[in-house]
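Presented sequentially are two complexes of chain A, the first with chain B as partner and the second with chain C.
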Partner chain A sequence: MSAPHVVVLLKDILDPELPGSRFRIDPARMEPAQGVGSAILGPFERSALELALKLKDSAGARITALSVGDPSLLDGLRKALAVRVDAAVQVGLQGAANQPPEAIAGLLVTALGRLEDVDLVLAGRQAGDWDHGQVPYLMAEALGWPCVGLVRRAWYEGDRLQVLHDHAGGQRLVLVPSPAVLTVTNDDALLLRMARVSDLMAAQRRPIERFEAGELGSSASPPGFTIADLWVPARTSVCEFIPGEGPDEQAANLVGRLQEMRLL
Partner chain B sequence: MSGTGVVLAVGWGDGEGDRPGAEALGGALAVAAELGLTAVYASLGDPPEPGAEAASASGVRALAVRGGTGDVESLTDQIVALVEEFSVALVLIAADDRGRQLAPRVAARAGGVAINNATRLEVIEGALHVTRPVFGGKAMCRLVPLRVPAVVSLRSRTFEPPPPAPGGSVEERSMAVQSRVRLIENIPPVLEEGRLEDARVVVSGGRGMGAADAFAGLSELAAALGGVLGASLAAVDQGWVSPSRQVGLTGKVVSPELYVAVGISGASQHLAGLASGVVLAINNDAKAPIFESAQLGLIGDAKVLVPALLKAVRAARGG
Partner chain C sequence: MEAVNVRSQIREWIGEFNARVVTPRARELDRNADPEECFSWDIVEAGDAIGLRTLCLSDAYGGAGFDHVSTAVVIEELGRADLGTSVVFAQTIKISKVVESVGTQSQKDRILPRYRDDPRALYAIGITEPDNASNYIIPHPGAAFRTVARRAEGGWVLNGMKHFISNGNRARFYLLMAQTEEGKDLSEGSTCFMIEAGSPGFTTGRVHDKLGERLANNAELIFQNCFVPDADVLGQVGEGFDILAKFFPASNAWAGASILGVADAAYDHSVEWTRKRVQGGRPLIEHDTIAITLAEMKMELDVARSYIHASCAAADGVGEWDPTMGAFPKIAASKAAWKVVTQALELHGGYGFMKDLYMEKLLRDAAAFLHSDGVNRSLYLKAARYIRA
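Presenting the complex of A and B:
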């Protein structure tokens, strides 16, 4: 078969390593407060990008990195260019990170229609911010394409795509017809490769194609829910340090406390 | 959502037999009356999970559905067919690996809305409100579905299985579906230990354990407490523990009654995996961030505290 065209979906998210003590929300806007932390490429998107690169290595896949995001947030796309994807496309949308999944899926499906024939869409299993875990599945349903979730390996044998994915606590090896949507989970073999310094510099100069969300005319259905409340849980307990002279007394005191709390 | 429709609880047999489906049914019965809906249970999978009998013993109409392959494509087809047949307004399923994929797919096909990882359902002025964690558990949000069916996946232990009640029934039926995805090989789970997601006690070790050997003692402690072994990303990255035992944003989300964190600093990535429960932290650094999230703390060297705790637990349990 000719080289498959793989589209990998990327999202810059609020750094998940931001300590809880520094996290703040904007109660009026029902979203994280502006400037609370930096945006980085999500961990599952990194795995999806590496899987796309493996398909480029093994099957000569042509990779397009596609993202819906604030026009100023290009970290993920620049990172993808630095590890030598073939093209990068951004659908510009202010406040994209806080949009409902139906809106993002609708924009992405419309954007896919602007790209040359797509054989495979790779996405992280969930964005590590709002954690809806819905966009690629909504896209698969809108496109009418088969979808396999929690993928760890994928490779072409001729024109047939074989996929190893998590299933019911174990794994399954399956044959997936094309075109298809795969969601990718983290795996030791999918740690995103390091970019070469020269490629990092070149990535800053490479073009990123832009579609404006308003121009795409997305057919997304309206949001399916309203956010009635968003809050940071109050810390209701203070850690009770178990006293004791030496480990045996500490352990005995702890066991007594666990029994009082009916945890033992 | 109020009306004459159905709240459909579905099980497909992951985990402890029919427990995830039974918890979904517990949720269905908790909100059905206030929403004016009737609870129905569907047992799916290949073969159907064994929950239909138990569901009928809880007083509901239960369907044991044959003919599926148990994969997400097949389960989606079956649930969508049931949604259409029963005028379903609300679908409740477990937020396990398949459930989180099923929710958006069923909702999209049935014209509804999906909400994953719910930790609470409430009915306020006749409307369903769904609470779920966001941003790795740093915040919570409460959502109100605007379309039906609402397809909600529930985190483990959000509800208890329902008590017995009269008036239930079991109905066998066949619903053949074909998956577009062809199975080549099924690799069953390696059940060296219980599932993290179902455990009432989880004992996890982190970088502070120092070496792979130290995890043998943690496994013994977990067993003595009636729980299972977990680990932080740092311990998995070191190769000390299988990735299947990782708790955190990129690992499993656990909902135990007691979570014991040994030699774990308390990075946000790890804390995102803790949905509920009392946290007991054991660490030699009194300033470790894990103590900010713990209710109980033990300061000291894990190498001596873990064996001492194992001895004390066994003594308390008469072992």
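Presenting the complex of A and C:
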């Protein structure tokens, strides 16, 4: 079997560890305000990237990292280059964060057509910001490829791809024909390896192939919905002390109070 | 690519290393009563796996060729997780860089590949002696190293001891300052030797039980008729101080970077604490006196960092080098760190005084660089001599 060509889809998201007090919504743009925090590679994308690298280690796979995003957001692709993917490609699209999954999937499918024969597409199970989890399935449908979700392990035995994924409360081992799309979930074995410093620095100089969304012949389509409002839920907290002499009485009073609140 | 962007990436990279490797273990290791149990080879090997030991070496020796400023960023971020970890790597990085800068091609080819290929290879430099500490910061006529090297056929025989040596009991490779000329003080009559662990006549003695910076071991080095061949003289005989002159500028600024990391951690904790702790009907941070204190702390950190980076940039040939830059960055950072950490202790109130909170370790660590890499009073005097001249 010749070395498979694996494409891993990456997305930069607003750092989820951003302190809540700093998060702001831009009411005019109906999206998180610019500059409130840094963009980082999404958590499930990191798992997908590590799985791709394991396929490189075990099967000599050639890895291309592919991302749709604001042209200035290259952090995820640079990280991928730092852990030694073979190539990085960005489809530049202003306002990508506001595009519906169908538009993103369309752009990615078109971009795949510009790459050499792709055997496998790996994606995070869902983006860490909006949690849609739809793009990989939409891509598979458009491409006519099988799609397996919630993957934890994947390896080649000869030219057959074996995939271990979550299914029906347990796990299932399936044989997947090529080409295919896999969505990858988080797993202790998929903690993204750290780059060596020399590779981290080299990644800053490695080229990133760029396409513009319009150039691909697939442009950002108007979303099928409009955002009417976007807000951060206000949180209040009330502390109520449950009375009682000793733990037995306190426990009884607690049960009664929870029943009053219709929580029990 | 912009330098600021590079530094941001470096900070994030080390932050990830800290989160995975250092922070989960630092407090537990620090609490071990036996100082030797505070050190972790796991941390060293994990750091080697991402290239920390060879950070400043050239590509020929497996390094990343980091400049002084970028290295300062790495050392500071390591210090944010743990001071001892920062010191273990900082010493090794500094000294290996000196060897590549000053060594002959033969010496470099003989030593640096072995250093590169051993994931546990650390460096130490033996200067301080029981009777010679500030004497080498501000050389005093008549003050010679007590560790002496006598001429022998084909080399030198060393006798004496050093103490308080960072990585002293852990290093594989050493630089050692010894007196080779009688009648001269240590700045004029000493030579720098390269020695490896296990050399006949070279042993390590007591591992010091320190107040802080406990994940780094400091130890005695003992020389009893230890033979060192001529090929292992670094630089010229009698010109060992020239080697130190190459070592001190980066050493001073990077020492400042290590302790600055401790202060960064204290500041970060203080911001988080004062956001959550409610007294007087609102979070502490909303009280003006608390907010002003935090602002003052941040300014101290930013000023110290700017000074460190300016010195490092000058060492890289950007901007003008002033000899006081070999003294002031560490003073500034260590004073800022002590001030910031004690302010942080105050902000945490009674909780900060309890050993089960993080402040206790930070306070003990913050004390380390009031003396380490040169007692501050001595460094001031060193700088004053340049001003007077």
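What we mean here is this: the second predicted complex is superposed on the first by the 230 of 264 C-alpha atoms of A that agree within 3 Å, B and C clash if a C-alpha of one lies under 4 Å from a C-alpha of the other, contacts with A are read in each partner's own complex, and residues count from 1 in each chain.
To be clear about the criterion, contacts are C-beta pairs under 8 Å (C-beta built on N, C-alpha and C of every residue); 3 or more make two chains touch, one makes a residue touch a chain.
The model shown is predicted, which means the values in this text are computed figures rather than measured ones.
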| item | value |
| --- | --- |
| Broader residue contact with chain A after superposition on the shared chain, chain B or chain C | B |
| Partner chain(s) touched by A:Ser21 [first = chain B, second = chain C, both, neither] | both |
| Touched partner set for A:Arg29, first chain B, second chain C, both or neither | neither |
| Touched partner set for A:Arg210, first chain B, second chain C, both or neither | neither |
| Chain B versus chain C as contact partner of A:Arg114, first or second or both or neither | neither |
| Which superposed partner A:Arg78 touches (first chain B, second chain C, both, neither) | second |
| Which of chain B and chain C A:Val197 touches, first, second, both or neither | second |
| Intersection of the chain A residues that touch chain B with those that touch chain C | 19, 21 |
| Touching residues on chain A, where the partner in the complex is chain C | 19, 21, 38, 78, 191, 194-198, 200-201, 204-205 |
| Chain A-facing residues of chain C, complex | 1, 6, 8-10, 13, 16-17, 20, 49-52, 55, 59, 63-64, 66, 275 |
| For the chain A and chain B complex, residues of the former touching the latter | 14, 16-21, 23, 25, 30, 32, 43-44, 101-102, 126, 128-134, 137-138, 140-142, 146-150, 162, 166-177, 183, 186-188, 222-233, 235, 237, 239-242, 247-248, 250-252, 254-255, 257-259, 261, 263-264 |
| Partner chain A, residues of chain B touching it in the complex | 13-14, 70-73, 97-98, 100-101, 103-105, 107-109, 112-117, 129-130, 132-147, 180-191, 195, 201, 225, 243, 249-250, 257-258, 267-269, 271-272, 278, 280-281, 286, 289, 291-301, 304-305, 307-309, 311-313, 315-317 |
